[in-house]
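Provided herewith is a single structure, encoded as structure tokens, for subsequent inquiry.
When the chains are written out, they are named A, B, C and D in that same order, and each has its own residue count from 1.
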Amino acid sequence: PEKLAAFQARIDAGEKIEPKEWMPEGYRKTLIRQIGQHAHSEIVGQLPEGNWITRAPSLERKAILLAKVQDEAGHGLYLYCAAETLGVSRDELTEALLAGKMKYSSIFNYPTLTWADIGAVGWLVDGAAIMNQVPLQRTSFGPYSRAMIRICKEESFHQRQGFDIMRKMATGTKAQRHMAQDALNRFWYPSLMMFGPSDADSVHSAQSIRWKIKMNTNDELRQKFVDQTVPQAEYLGLTVPDPDLRWNADKGGYDFSEPDWDEFFEVLKGNGPCNTERLAARQKAWDDGAWVRDGLMAHAAKQHSAPVAAE
Amino acid sequence: PEKLAAFQARIDAGEKIEPKEWMPEGYRKTLIRQIGQHAHSEIVGQLPEGNWITRAPSLERKAILLAKVQDEAGHGLYLYCAAETLGVSRDELTEALLAGKMKYSSIFNYPTLTWADIGAVGWLVDGAAIMNQVPLQRTSFGPYSRAMIRICKEESFHQRQGFDIMRKMATGTKAQRHMAQDALNRFWYPSLMMFGPSDADSVHSAQSIRWKIKMNTNDELRQKFVDQTVPQAEYLGLTVPDPDLRWNADKGGYDFSEPDWDEFFEVLKGNGPCNTERLAARQKAWDDGAWVRDGLMAHAAKQHSAPVAAE
Amino acid sequence: MGAVVDLDAALFEGLCRLGDSTLVLGHRVSEWCGQAPVLEEDIALANVALDLIGQTQMWLGLAGEVEGRERTSDTLAYHRDVWDFRNLLLVERPNGDFGHTLMRQFLFDAWHQPMLAGLAQSRDTRVAEIAVKAGKEVAYHLERSADLVIRLGDGSGESHARMQAALDTLWPYTGEMMVPDATDAALAEAGIMPDLNGLRTTWDALVQDVLAEATLTIPESGFMHKGGKQGQHSEHLGHMLATMQFLPRAYPDATW
Amino acid sequence: MGAVVDLDAALFEGLCRLGDSTLVLGHRVSEWCGQAPVLEEDIALANVALDLIGQTQMWLGLAGEVEGRERTSDTLAYHRDVWDFRNLLLVERPNGDFGHTLMRQFLFDAWHQPMLAGLAQSRDTRVAEIAVKAGKEVAYHLERSADLVIRLGDGSGESHARMQAALDTLWPYTGEMMVPDATDAALAEAGIMPDLNGLRTTWDALVQDVLAEATLTIPESGFMHKGGKQGQHSEHLGHMLATMQFLPRAYPDATW
């Protein structure tokens, strides 16, 4: 308990906790879960975008999208490394994902059905992600904080590119405008879900906020996201699919409809449009790749033993 | 030798030989090789056409092409059945094909690269096949003769459909005309090869002709094919890719260039554009289908043993 | 789902649901060309695909006629993008192994056959005529797929496991077939198409019987995908259309 | 193969050969997105694909400029059909397993790197500039693919067998890279592109060294496929283009 108080004092003073320093088991566990889940999201998040790389409508768009998924894989790498400093290996985390014991962001269980969805993913999904991540640059765990700083810089770039796709679509031909509006219709509520249900009644959240693992409540961030995004939709000439959306001058923000939380919990349980396929794709990559990983290890072992044998 | 003479006398008299009747071993072997090879050709022949079923440019064309490959599989079935009457099973023949011990028509080692190729295959390849097959309706082995009668009827239908595709392409847009001419350029010589090299010096051929397993020489049939096809190409406004092609009034037929027989023997050896892929596709179908064949047999065995157990 | 539904618009929708489902399933089945596990199946698969494409021509042909905007069955098949397709999600599932293809076919046939029987009673004679014609073909499809599901379900250990895996994977895509939306309801009320709720009883009974004989177990999870009928598909459809529509899209001025 | 070759026409051809090869290989590599055996390879594959697409923009951009018919790199990439594509057959081979993808990359890189070194000496400064830029990227590609071929060739029993199978399958597609036709000869003579015969020595040495260290055996058969450079491809390219070109073909009036 004394240790605990000292630990909390350091956090309150804005100090960073480093991997080799003492930390409460709960802090470590919560971080592993949160960082691991974030890493998995980057990896699984490649799939809905990868679905359109081979159909990107220009060489420039193809290059931008390739650069983006490359960044995402890179983010995954930073985050797995951050998690590894807490004593869990990348393989362990991967196996937990494949066994269904760890989650990834539910948004990636929605399909990308037209090219405009690639715009919507950048604009809305990366937008919501940034909203979550910017405060986490100030999180108490050093490696996590440093990873978030690198990631946020790239993410905001991705968001601008996504918005640029939407702008082209929204001001394009009739078919393109249709695709843009349709993408907004499908991604709006799932994006709002990305902040999680209202944490009014969550004990976890309160502890995480005290530890500076979580910096804001879900509702604060969701409100901020809506306030930022609605004017952008207006600028694009697109309609947010919420008949009850309106400006509330008193609170200085928009009133908006809650997403369908039943759907959220269903998707979380595995019953989303693409859950099965996303996990199956990752499982296949893991299984098909086993011989490669084994082969590389076998080679490394030979290299290692060769000089010994020569002695 | 007496038996042999009697056998030859029956053939000379135009009688049909039936499976249970006596026949020389050489006759049986030659027939198995020839009918088996023909059956394999029908099966492998599905692949280059199957390549365009999913891309057929209209529902009507798609339906016609589906009907055609269905017919081909059906022809394969007739022919395997005819071969089976000679004491060789379909599975044995299939395994010989996959082991490279039996051949299929080399023409199917050429790729179908545009939709016009589907026209060219019908017009030229089926055209050449019919030229080979029509006389075989009078072949001496009963089951083979009857199979050929059924097959020829359908093949000539296929040829007309192929010609119809070519006609549409040859009288269509610039791109379509390009595709049509390009298809003729690529399929002309391989079609001429379908009759085999000149059999002037083949002992085999002479024996086969005596046995009425082979009804004409390769050169006769090739000449007939050229004489039939050149006017059709002219009608289509397409150019046969042979600068030395010209009408020879003396012989009442066209003079034409020989195909590149080195290429023919290379393809026969396995070195054609698609040999490896065609065999790999058949091997994959065979391997992937093993559990289905086993499952069906297991079910049949249960059905068979059930009543016995109940007794 | 408003209360007032334009009946011609609903009929156009309903016809697209039929025609797009046969088109997409026909396409999937045709992908097997030359790769079936036995020669008899090469023939049967080509035959089923051929029937389905023929039915597509009739349904989409009529759809174009009802719509009255001079779209032919080919225009509808080759010049719409994913959001305008109205096929069931089940039929756009990838082929997987032969077991998946077969199970998909059976689950669809078991719906298709009673659906066509209902459509044969349509007050719209154009619909009824097509349904009668298609019904004869589909009776054979169902007979074949049910028979094979039984033989492979109750076959070897491996074939049983593969058929069960196929059933588990595909089951969540069956719900949509029997849940009516406003369009279905309007067409049923007008006596043009059968009541989907009514089909469920027939489908349930048939599927339960066959799967029981096949020694296969119906998954417990009640979760069902939806959206295909309303134009919200999986990622697979777009890839299929890229292939299917290549030539007419690349050469819009050509006839074939 | 006439004696007189219009040099601009030959240059256009030569540039399409380069740009189409990087485009098609970039496409194939990008098909791996999110499916690599290890995360580092997800990153590396995306990076290689990105480089190749960037090079495509440069080569096809210059090709359009040389042609002078107002075709951009996008027009050339998205609005030509198979017969106008000039890529090497090797790069349109399907991905297969990771071993095939890797071996294809190595066999190509081992040609690409000296090719770009030669192009960097081009008398056409536009060509030389692109080659210098691309050369830096490709040096890394070759380093990576050679290293991995060695590690997996001389790895486990299974990885060795898979790499050998990949080599056996892909070897007959390498000949075309180093056999000059009239276009290649004209460009070499004009000092615009390197002599392909000269590349063979470099390629042979490099490939033999790496494969020897990888404990892999070069197939004995001398048979080599040909035709890609002249626009005669395998059946795979058409399927790739149907996917790649879908949007610009379906929506010719749109900009993206």
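Rule of thumb we're sticking to: contacts are C-beta pairs under 8 Å (C-beta built on N, C-alpha and C of every residue); 3 or more make two chains touch, one makes a residue touch a chain.
All values derive from a computational prediction rather than experimental measurement.
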item	value
Contact-richer chain pair [B-D vs A-D]	A-D
Centre-of-Cα separation between subunit D and subunit C, whole angstrom	42
Geometric centre distance via CA averages, subunit C-subunit A, whole Å	37
Subunit A residues counted as touching two or more neighbouring chains	55, 175
Numbers and ranges of subunit D residues touching at least 2 other chains	81, 238, 242-243, 246
Overall pattern in which the protein chains touch one another (line/ring/star/complete/other)	other
Touching pairs among all chains present in the structure	A-C, A-D, B-C, B-D, C-D
Touch list for subunit B against partner subunit C, complex	43-44, 46-47, 49-50, 53-63, 66-67, 69-70, 73-74, 76-77, 80, 90, 115, 165, 168-169, 172-173, 175-176, 281, 284-285, 288-300, 302
Contact set on subunit D toward subunit B in their complex	81-83, 169, 172, 221, 223, 225, 227, 232-235, 238, 242
Subunit B-touching residues of subunit C, taken from the complex the two chains share	23, 27, 30-31, 33-43, 46-47, 49-50, 53-54, 56-57, 60, 73-74, 77-78, 97-99, 150-152, 154-156, 158-160, 162, 243-244, 246-248, 251, 253-256
Residues on subunit C engaged by subunit D in the complex (per definition of touch)	81, 238-239, 241-243, 245-246, 249-250
Touching residues (chain side subunit A, partner subunit C) in the complex	48, 51, 55, 111-114, 175, 178-179, 182, 186, 266, 271, 273-274, 276-277
